[in-house]
Amino acid sequence: MKMTRLISAILALSLLLSCMALLSGCGSDNQIVIYNWGQYMSDGSDGSEDLVARFEEETGYDVVLRYYESNEELYGLLTSGAIQCDLVIPSDYMIARLIEEGYLDKIDYANIPNYKYIMDAYKGMAYDPTDAYSVPYTWGTTCLIYNTKMVKEAPTSWNALWDTDYKGNVLMFRNSRDAFAIALQKLGYSINTTSETELRAAAAELVKLRENWQGLVMDETFEKMEGNNACMAPYYAGDFITMQEVNPDLDYVHPTEGVNIFVDAMCIPTGARNKAGAEAFINFMLEPDVGKANIEYIAYSTPNSAVYDLLDEETKNNPAMYPAEDVLAKAEAFSHWPEATNKLVSELWLEVTNG
Amino acid sequence: MKKLFSALWVGIIFLFLYFPLLVMVAFSFNSTTSKSVFTGFSLKWYAELFSDPQLMGALGNTLLVAVLAALVATVLGTAAAIGIHSYPKRARNAVMNISNVPIINPEIVTGISLMLMFVMVAGWLRLPMGFWSVLLAHITFNVPYVVLNVLPKLRQMNSHLYEAALDLGAPPRRALWRVVLPEIMPGIASGFLMSLTYSMDDFVITRFTSGNFQTLPVLIYTMLKKPLPLSVNALSALLFLMVLSILIAINVISAKRYKKEQKELAK
Amino acid sequence: MKTKKLSVPYLIWLTIFVVVPLVFVVYFAFQGENGFSFENFSSAVKYLPTLKKSLWYALGSTAVCLVMAYPTAYIFSRIRADRQKTMLLLIMLPMWMNFLLRIYSLTIILEKNGIINKLLGFVGLGPFNMMNTDGAVLLGMVYNFLPFMILPIYSVMSKIDNRLLEASSDLGAGALTTLRRVVFPLSFPGIITGIIQVFIPAASTFVISQRLGDGSMLIGDLIETFFIGSYTNFGVGSAISLVLMVLMLIFIGVLNLFDNEDVGDMLI
C-alpha cells in the first residue's frame, strides 16, 4: 500500500536523521563543548572582547558554550550522563571530588606551553596536589555586598543577613556549599567541618535565615542588586566590581568572621570528545593579553603572573580583587568533604529549602 | 447595568492577561538596560537580537525540530487514526488510553521517563543526547494530538464512502488516498499545526532530553538565570507581533467567510 | 479490514517511546542497592510536605482560575458570534507566547523596584514585596493557566442554546436558579476538562516556583533536581515521579466519575 510505503519512507527518514545527528555528534573533531558559569568569560558584551570568537578565528575550532550555575549542578550534569562536554571550570573542592570519583581526565601539558605563567602559589594545591587534572582559571573570595542607600549602617559581619530589619530584603546563595559556609562562619566553625552537630546547627541558622531572605539566587544577584531590588547579598567579590559599575550605591565588606577563598580551574572531563581542542583552549586562555581581557571583563583575581603584570595599578590595588593580608589570613578554602558529609549536607539543604 | 458589569469584568481579565506582556514589549524599546525606568526610545536591542549568534542558532534549531517532528507525527498519527478507527471498540479504547498517556501525564514525568531511556541508549551507543533525542521526544508528544484531531473527522465521514470506492473497483490504497484522505484533510491540517506549535513551545520535555542541543525555550531558560539583556524583551515583542498578525489574519478571513455565509443564508 | 495495519507503526512507536520509558521509571523507582526494594520510596517520604505544598498550590490556582474563568466564559458565550471569535483569539494570544517569556514578564513587573511598585508609589502606596513570595507563585500559575480554564468552559457554554435560558426564565426561574439548574449542569464537562488542564501542570511545574518563589521547592523542582540538578539520584527521582503520576491518574479518574465524556477528546 502506498500509505504504508510512505510511512516506512518517513520512518526511514527519521532514522536517517538520527544517524546524521549521530555523525554530527562524533564526526566533528572540530567542535569543543565548554560548560562554564554564567558571566564568567569575556563575551563581547559591554565593549569587551569576544574571546571565543577570537579563539575560533585563530584556530578554526567551533566552540559550543553552555552554562551551569553552581558546582553542584555541574556535578549533576557530569554524573547523570545527560551531557557530553570537553571543558569545565569547577571550583577547588568540586575538582577534588570529581578527581576522586574518576570524572576528570589527565591534562597533557605538552599542549599547554603557557602553563609557565601560572604563579607558583597556585600550583600543587590541595585539591589537585600533582596538578595533573586542573589549570587555574581565576581565584577570589566571597564577600557581603550591600546597598549603601538601603542599609541603616554598613554591615561588618555575616550576622547582618539575619537582621530582622532587613526582612524580605536580603538574598542568599542557591547552592549548599556556599550557603553552609556562611552559616558555619557565622557560628565560628570551620567551613570544612565534618561534625554533624556543627552542620545541623548551621542548617538551623539557615532555616532561621529563611524567614529573612527574599529568595535564593545565583546570577540573579546581578539584577537584584543593580536594580535596588534587595539591600544585601553574599556573592563573589569579582562580581561585586561588575555590579558596582552599574549601580554606584553598592559597596562590599569582607565579613569579620572570615570568608571563603576559592580557585576555579579548567578541567577536562573523562569521555571528552575533543581533548586536543580543550587543551588548545586552555592554552589560549593563558595567553597574557587574552587573560588580561578576560580578567578585565569578569573582574576576578588572576593566578597568571603574566596577566597580573599587565594589569593597571588601580586593579592591582583593588582590595575586592586582591584583598589585604588580614582578610586573606582569615579566609578559608573549601576542602573536599567525605561522601557521608556530602550526603548529610544534601539532605540538610533540601530540608532548608523545602521548609 | 448587567452589560456594564460584563464589560468591566472582561476588561479586568484582559488587563490581567496583557499588562505584563505589554510592559515587557514597551521596555524592549528602552535605550538603557533598565526594566523599570524608561529612559528613551531606541531600537538597539533589536539590532542586538539579530546579531546574537546564540539566539539565532537556537531559533534555527527550534524550527528544524518543530517542522521535522510535526511532519513525522502527522504521517504517523494519520495512519494510526485510520487504523484505530476500524478497531473494535474495546481495542480502540485500550490503544487510545496508551496513546493519551503523553497528553495526560505531567510533562515532567514524560520528560524524565524519556531521559532515563535516552541516557541508557546514550551510554550503550556512546551517543550523547542531542538533536536525535529531542526529535524523537517531540514526535512522541505530538502524535497523540494528530490522532485526536483526525479521529473525529473519520467518525464524521460517511463510512460507506470507502466501501463504495472499493465496490467500484478502486484498489484499497487508491480508495484511501483519493476518498478517505481528502475527507479528513482538515483534521490532518489542524493536527500538523498543533504539533508545530507544541513543538516550538515545548520547554519541559526538551529540557530533560536535549543534552547540549539548544532550542529557543531552553536558551531562554538559561538566560533567565542571568542578568537578562533587553534583547529578550525584543524577542518577545517580535514573537508577540508574529502571533498577533497570524491571529488577526485568521480572524479576518473567518469573519469574511461568516458574513458571506450570513448573506447566503439571507438569500 | 486491511486499514487496521496502518496503525502498526504507531503501536510500535507507542511501545518504544511511551511504554518502555515508563517501565524504566518503575524499574529505577524500585531498584535499590541490592535489587528490588522500597528504599527509594522510604527516602522519598521526607518530601511529603513538598508534595502536599504543591498540591495545595495546584488546588488554589485551579480554584482561582475557575472563579475568574467561569464568568468570562459565560459572558463570551452570550455575545455576538463574530465577536466571540475575536474574544477567543485575544484569550489564546498570550497562550501562544512561550510560557518562559510570560513568567519573565511577570518577574519584571513584580520586582521591588518594578513598574507596579512604581505606579503604586505615585498614589503613595508601597513599595510591597511581591516578588519571591508564595503569592507570586500562585499568581504565576493563574497567569499561565487561566486560558486553559476559559477555553474548555467556553466551548461547552457556546453550545448552550439561548432559547433554553429563555425557556427557563419563562418558566419562572430567576437568574441564579437558571445558572444553577441549567447553565451549570450543561457546562460541567467543560469545567472538568478545565480543572484537569490547570491542576496537572500547576502541580508539576518547576519553572514558576524557581523564578517567582522564595527559593523553597515544589515537587517539580525536586524531580528536576534529582535528574539534572545538583542531586543526581534517578532512583529517588523516579519514585517521586511515579507517585506524582499515580496521584494525577487517580485525580483524573475521580473527576471522570462525574462525567462520562472521553477526556482525551476534550483536551483539544
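Order of writing sets the labels: A, B and C. Residues in every chain begin at 1.
Quick note on the criterion: a residue touches a chain if its C-beta (ideal position, glycine included) is under 8 Å from a C-beta of that chain, and two chains touch if they have at least 3 such contacts.
Bear in mind that the values here come from a model prediction, so they are computed numbers and not experimental data.
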Chain C and chain A - chains in contact with each: B
Between A-B and B-C, the pair with more C-beta contacts: B-C
Separation of chain A from chain B, taking each centre as the mean of its C-alpha atoms, in whole Å: 36
Centre-to-centre distance between chain C and chain B (centres being mean Cα positions), rounded to whole Å: 17
Where chain C touches two or more other chains, by residue: 2, 5-6, 9, 111, 113-114, 227-228, 234
Set of chain A residues in contact with two or more other chains: 1, 3-4, 7, 11, 80, 82, 227
Residue list for chain B, restricted to those that touch at least two other chains: 35-36, 76, 79, 82, 115, 136, 139, 172, 176, 208, 228
Parts of chain A lying in touch with chain B, wherever the complex brings them together: 1-4, 6-7, 10-11, 13-14, 17-18, 21-22, 24-26, 33, 38-39, 45, 64-67, 69, 80-85, 218-220, 222-223, 226-227, 246
Touch list for chain C against partner chain A, complex: 2, 5-6, 9, 46-47, 49-50, 111-114, 129, 131-132, 213-217, 222, 225, 227-232, 234
Contact set on chain A toward chain C in their complex: 1, 3-4, 7-8, 11, 70, 72-73, 75-77, 79-80, 82, 168-169, 172, 174-176, 210, 213-217, 227-230, 346-347, 350-351, 353-355
Complex interface listing, chain B residues touching chain C: 6, 9-10, 13-14, 16-21, 23-24, 27, 35-36, 76-77, 79-87, 95-96, 98-110, 112-117, 120, 136-137, 139-140, 143-145, 147-149, 152, 172, 176, 194, 197, 201, 203-204, 207-208, 216-217, 220-221, 224, 228, 232, 235-236, 239-240, 243-244, 247-248, 250-251, 254-255, 258
Contact set on chain C toward chain B in their complex: 1-11, 13-14, 17-22, 24-25, 28, 68, 71-72, 75-76, 81-82, 85-87, 89-94, 96-106, 108-109, 111, 113-115, 118, 143, 146-147, 196, 200-201, 203-204, 206-207, 211, 220, 223-224, 227-228, 234, 237-238, 241, 244-245, 248-249, 252, 262-265, 267-268
